[in-house]
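One structure below.
Naming follows writing order (A, B, C, D and E), and every chain is counted from residue 1.
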Amino acid sequence: MALLELKGVTKEFGAIRALSDVSFSIQPGEVVGLMGDNGAGKSTLVKIISGIYQPTAGSLEFDGTHAQVGSPGEARRLGIETVYQDLALADNLTAAENIFLGREMKRQVGPFRFLRHSAMNARAAELFAELKSETRAGDYVRQMSGGQRQAVAIARTRLSDAKLILMDEPTAAISVRQVAEVLNLIHRLKEAGIAVILISHRMPDVFAVCERVIVMRRGTKVADKAIAHSSPEEVTALITGAKEAA
Amino acid sequence: MAQTHAQTFTNVGQTRFWQHGFLASQSAYVLAALIVLIVIMSMLSPNFLTGGNISNITRNFSFIAIATLGMTLVIITGGIDLSVGSTIALSATVTSLVMNALLGANFYPFPGSALLISLVAGLGSAALVGLFNGLAIAKLKLSPFVTTLGTLSMVRGLVYVATQGRGTFPAGPDKDMFLAITAGKLFDVLPVSFLYLIICAVVMWVALNHTAWGKHVFAIGSNENAGRLTGVNVDRVKIQVYVLCSLAAGVNGIIISGWLGSAPANLATAYELTIIAAAVIGGANLAGGVGGAAGAIIGCILIEVIRNGLVLARVDPYWQQTLVGAIIVAAVLVDRLRSSRNG
Amino acid sequence: QESYTFAVVPKAMNNPFFDLARDGCEARAAELGNVTCMYIGPVEHEATTQAQIIEDLITQGVDGLAISVSDIAAATTVIDRATAAGIAVITFDSDAPDSTRTAYVGTDNKLFGEDLGKLLLQVAPDGGTYGMISGGAAAPNLALRVDGVREALAGSAWTEVPGSPTFSNDDIALAVQQMGDLKTANPDLKAIVPVGGWPMFAPDGWKNFVDQYKADVDSGAFALVVADTLPQQLQLLKEGYAHGLVGQRPYEMGQKAMDTLLAIKKGETVDEIIYTGNDVVTAENVDEFLK
Amino acid sequence: MAQTHAQTFTNVGQTRFWQHGFLASQSAYVLAALIVLIVIMSMLSPNFLTGGNISNITRNFSFIAIATLGMTLVIITGGIDLSVGSTIALSATVTSLVMNALLGANFYPFPGSALLISLVAGLGSAALVGLFNGLAIAKLKLSPFVTTLGTLSMVRGLVYVATQGRGTFPAGPDKDMFLAITAGKLFDVLPVSFLYLIICAVVMWVALNHTAWGKHVFAIGSNENAGRLTGVNVDRVKIQVYVLCSLAAGVNGIIISGWLGSAPANLATAYELTIIAAAVIGGANLAGGVGGAAGAIIGCILIEVIRNGLVLARVDPYWQQTLVGAIIVAAVLVDRLRSSRNG
Amino acid sequence: MALLELKGVTKEFGAIRALSDVSFSIQPGEVVGLMGDNGAGKSTLVKIISGIYQPTAGSLEFDGTHAQVGSPGEARRLGIETVYQDLALADNLTAAENIFLGREMKRQVGPFRFLRHSAMNARAAELFAELKSETRAGDYVRQMSGGQRQAVAIARTRLSDAKLILMDEPTAAISVRQVAEVLNLIHRLKEAGIAVILISHRMPDVFAVCERVIVMRRGTKVADKAIAHSSPEEVTALITGAKEAA
């Protein structure tokens, strides 16, 4: 049974049809690359799966049971974690506070529940070390470099036991070493049976970790094939429109 | 919060003590300005630092300080609440109308019952105003400014309708108890209203800094979207914040009316600007994401010290207004020092 | 000879009415020589701020207080505190009868309203519909005036229109606008009775309004009877832009307040109620007042 | 502005006429609400749509509309100006004090000279307030709310100091001319103040949409940093905007005082909230980056129609205030339709 | 004579020393790659050159004559154009309006100068076509995809005759095809005698267009050498700290 199944998903913003009639399915533990030109509709697709947008038409099924993902909160509860392209960080909180936002570690004192600051900071520092990122858990996100911010967004997905992780250009701003770590991470997720959808403009990365690649062009799906049966050249042609479909 | 961690970086030094925490906040700099002001005022008027006057000042700023705490919460989420002045009048009026009604109906099952019912009614009416604001802002996504300007006018209008413009007076068997818990003094010096303020401020400080809810309030103010995307129930937190703000205003309304022994229909007219100003002077940022309990109180003290000090210094009343404005601007100017020092 | 500082606390400093009381009190203080008049109050009409200022004056240790009460119960509380501190307290313009104040100097507002009503009956006995304009909805003295007008006209041929009185919140521009609104809403309106002088404080705005109905005003078919007798109002009356004015005597209130406080300080007994009286001005006697 | 271009994209359709430009803006939806309101009011009161009343409404909203245009500019840059009410009083007072002073000094070199000098003085004093606000906000980086709250108090205080609380009256040889250019009517129907408003609105519309300056104003409101980085002189634009806002308030002050024939010291007290509300109802966003001239005017008309309509409908005055608030909230609620339609 | 010369530039933010004692020089028409881990101080360096930050210590010389770049506006007038990592776009303006922000095309009518909307839109559309980007000139930046936003920021530098163009991760969010165009663009700039400083985490790109590479690590310059004498492996080692200096 498919973990995620999209059927004829369409999304319009006024006159712009960002997605038209997109259908595909993801199996548990599968790593799928999603590629396409700028404005092809990749992020819009991610936002529909993670419950930010509701599709104009079409439907979505997760884990066999749910016909709708109403809100990002619901997506999280269903086991869908997302690294958003715009990172979705609160600038005035520290890295650790951002990572734990919405699922803080608490200590029960009588009827009250207080935050466990140092436990959260320690855990965040651990996550950064795991990603080999030079990011300090107690620093405010406001003053962080582009790559440090991205590391925070990636670290966030590591907190819970997700079933599906959507990564919208997770490696855009991070440095060589961390890119390798993120690819490593994806490998480990796969082994743990967690499905990943990776959006990236970096062809080698997609070919290094994905089993399948879906190519979008101007809102429609133009290809959905196993990496083994494709090549970077073919995918590039599909992205630019030099090749119509595959 | 931000503890320094085990991990070390060669290019990260030790932050100096004045570069982080309270000492690096706007509140601290405004506190410095406040202390300077107090020194000046006490030189201008020998009566300024007398026990009686300090007790007056303490009571006067407690009148708006609890509402300012609530306002600070709203401002941290990036909102604004212009209806606090009207809500103060509403809770005062409802409380005293219910006390009178219970007296009229001769309903007094047990000692203190009249007081209890009236307080619940007064605070409940305030909470309803907050609920209305919160629902309109969080669910209907209306602009906080327009919504609360609307309730400012609606609630004041309702107070006039209910009283026909006449003031009402707390009355009935529990009147003395009412006065004791609102206008009384602990050990004959400390106004109880100040005690309530301290309790509220401590609770707020803990809630903001040591609970998940507090982090959500800050997150919403800085990036509402990020909050929503990480599964924070943004709408609920917003509604809570507006309800708390109105409740705080309600508490202040009851305290003021206890001290006045009356609930005039025009009570607290135009207080909203003073309350917002106190919050902003104390470091809350109207753009959202910044603010705190200590700052709110410091802001209130500053405003009250200016007002009281100028009267005691016998400054020409027409000049007082001019000076109040000038000193407020000067006080926040001090905060510029901070930015220029911390780069 | 001992010298005294007496504070005069108005309801609101942004109301020109109290400026006259201040002038009267300052003039009398200068005549007396040993008295300083200190004029201070809230900028806008608000009971808590007034109470806080009175507390500050108690702290400051003034010798006497003359208060125009903003809210009766609220003022009662602070007045009692002031007398307990040994300060001589009187009220002026607006009273708090149950407090420990020694005397009240000012207008009988109920009577003042009745005078307005009687004046309307005098200038336009035929009756019709009339509307009123008031200031703040929470001002007790204005409410008394409104009641007074209603009482004087009860049983006469005058009936009040719905939506009256309108509240101008002491905003002069708004008061003039409300004149127009009342007349537009009730085209057959036969009289407007502002219970304070607000619309006439804007002489040209008033003239603009009246000019639209000048024929009716001249013939007396549209009567304008207004409270207060400020110079610009007298001038308008003289020019035929109103039929009658009923004035209080704020200047005298200021003077009498100083006298009364000084008398109390000297241990003399004073009357508890000191009415300063009303002036009823019509076209006949306007020149006396305009001198 | 956004013209459709030659370049074609397969997944981009034609925007329907109601999906872009004015018809998709908040202003258009509030305009719809306004029209509904006018229909209701004219049914409630037969006198509502009479010539005289329309002329009254036109005049009344012109009193605040020019200041609202200025406020809209400030709000677009992400600021706020609470000092407009005081500035209205200041320019009115200075103008009439100068007219009186010139009369007293018997200085009248040529016909119209007294008028000219007084107007320059009145508008100059208003511009100074704006300059102070602008410098403090742009150069010292003070919070617009606190700064202008300070000037609100300072300027009002100065008006009281200058007049000792007494109202002043325009006088002197040019008084008739003064009345003609402020309170006069064109062809006996159209208030000149309405004409000024239309001129100001058209100039503002052109400036906002067809000059580089206008784009800079919008850019600052949405991302001040982006403006700074692309070499826009952010500080200068901000100062200009605050000066323009105060000047607009000054013009309104002179018009009101001409119509009243008087410059009371408490003129336009608390008008700032009404003016900001009018701007926000008309579509200006306090977070910055959004707003326009047409919206500002529609907001002002809406507020005046509510006020005037309720009086004409002979609603109980105690209820009027409540209804004003409720209708304001209802009017902006209409705008939610837009968001739900345009996704 | 060097176009740009940095001498001992140091920048501290409170306790964080983002740059310590960085010196180098750029010749006219030279294309230099600037690499380093996340948080190494690359963006801070760019911001100092483009006048946003003033160095805590050290000095900067541009074109032989100027000792200081006081503000971004001044940098622009001196001929320094920048693509910022956070893009610096005004969301409520269209792509074309953003590109021309601060140097609008105007038409003189009497004493007034009005915007030439259609001319600006046409020129912007041209620039996007040149970058082969699917970006519509009249669209609001608010509703644009990540890559479209980046295209707007890149297009902005093409308006004036710059002497030095700073590109802070210009290709992070853009698609394969446009990456090639941007690299092409850099080649053309070089031929036109314009110097470029390219910050990127993509090793192949840097090696494809740059003549020299500067490597930063935790705020200090650890290497500055010709591409011809280096290798991706060496640079990676320098970035991660596996190799101390070169």
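Throughout what follows, contacts are C-beta pairs under 8 Å (C-beta built on N, C-alpha and C of every residue); 3 or more make two chains touch, one makes a residue touch a chain.
These are the chains along with the protein names UniProt gives them: A, E = Monosaccharide ABC transporter ATP-binding protein, CUT2 family; B, D = Monosaccharide ABC transporter membrane protein, CUT2 family.
Because the structure is predicted, anything quoted here is derived from the model rather than measured.
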Shared interface partners, meaning chains that touch chain A and chain D: B, E
Chain separated most widely from chain D, comparing mean CA positions: A
Separation of chain C from chain D, taking each centre as the mean of its C-alpha atoms, in whole Å: 33
Between chain A and chain C, centroid-to-centroid distance (C-alpha), Å: 72
Separation of mean Cα positions, chain E and chain D [Å, integer]: 42
Shared-contact residues (touching 2 or more other chains) in chain C: 13, 43-44, 137
Shared interface positions of chain D, touching two or more other chains: 9, 12, 156, 160, 164-165, 316, 318
In chain A, residues with contacts to at least two other chains: 13, 16, 134, 218
Chain E-facing residues of chain D, complex: 1-7, 9, 12, 206, 210-212, 215-216, 218-219, 221-223, 225-233, 289-290
Residues of chain A that touch chain B when the two form their complex: 50, 52, 71-73, 76-77, 82, 84, 88-94, 97-98, 101-104, 106, 112-115, 117-118, 121-122, 125, 128-129, 134, 136-140, 156
Chain E residues within the chain A interface of the complex: 13, 16, 36-40, 42-43, 85-86, 133-135, 143-148, 150-151, 169, 172-179, 201-203, 218, 236, 239-240
Chain D contact footprint on chain B (complex, rising order): 82, 136, 140-143, 145-147, 149-158, 160-161, 164-165, 270, 273, 276-277, 280-281, 285-287, 316, 318-326, 328-329, 332-333, 336, 339
Complex interface listing, chain C residues touching chain B: 13, 38-41, 43-48, 51-53, 55-57, 59-61, 70-74, 76-77, 136-140, 143
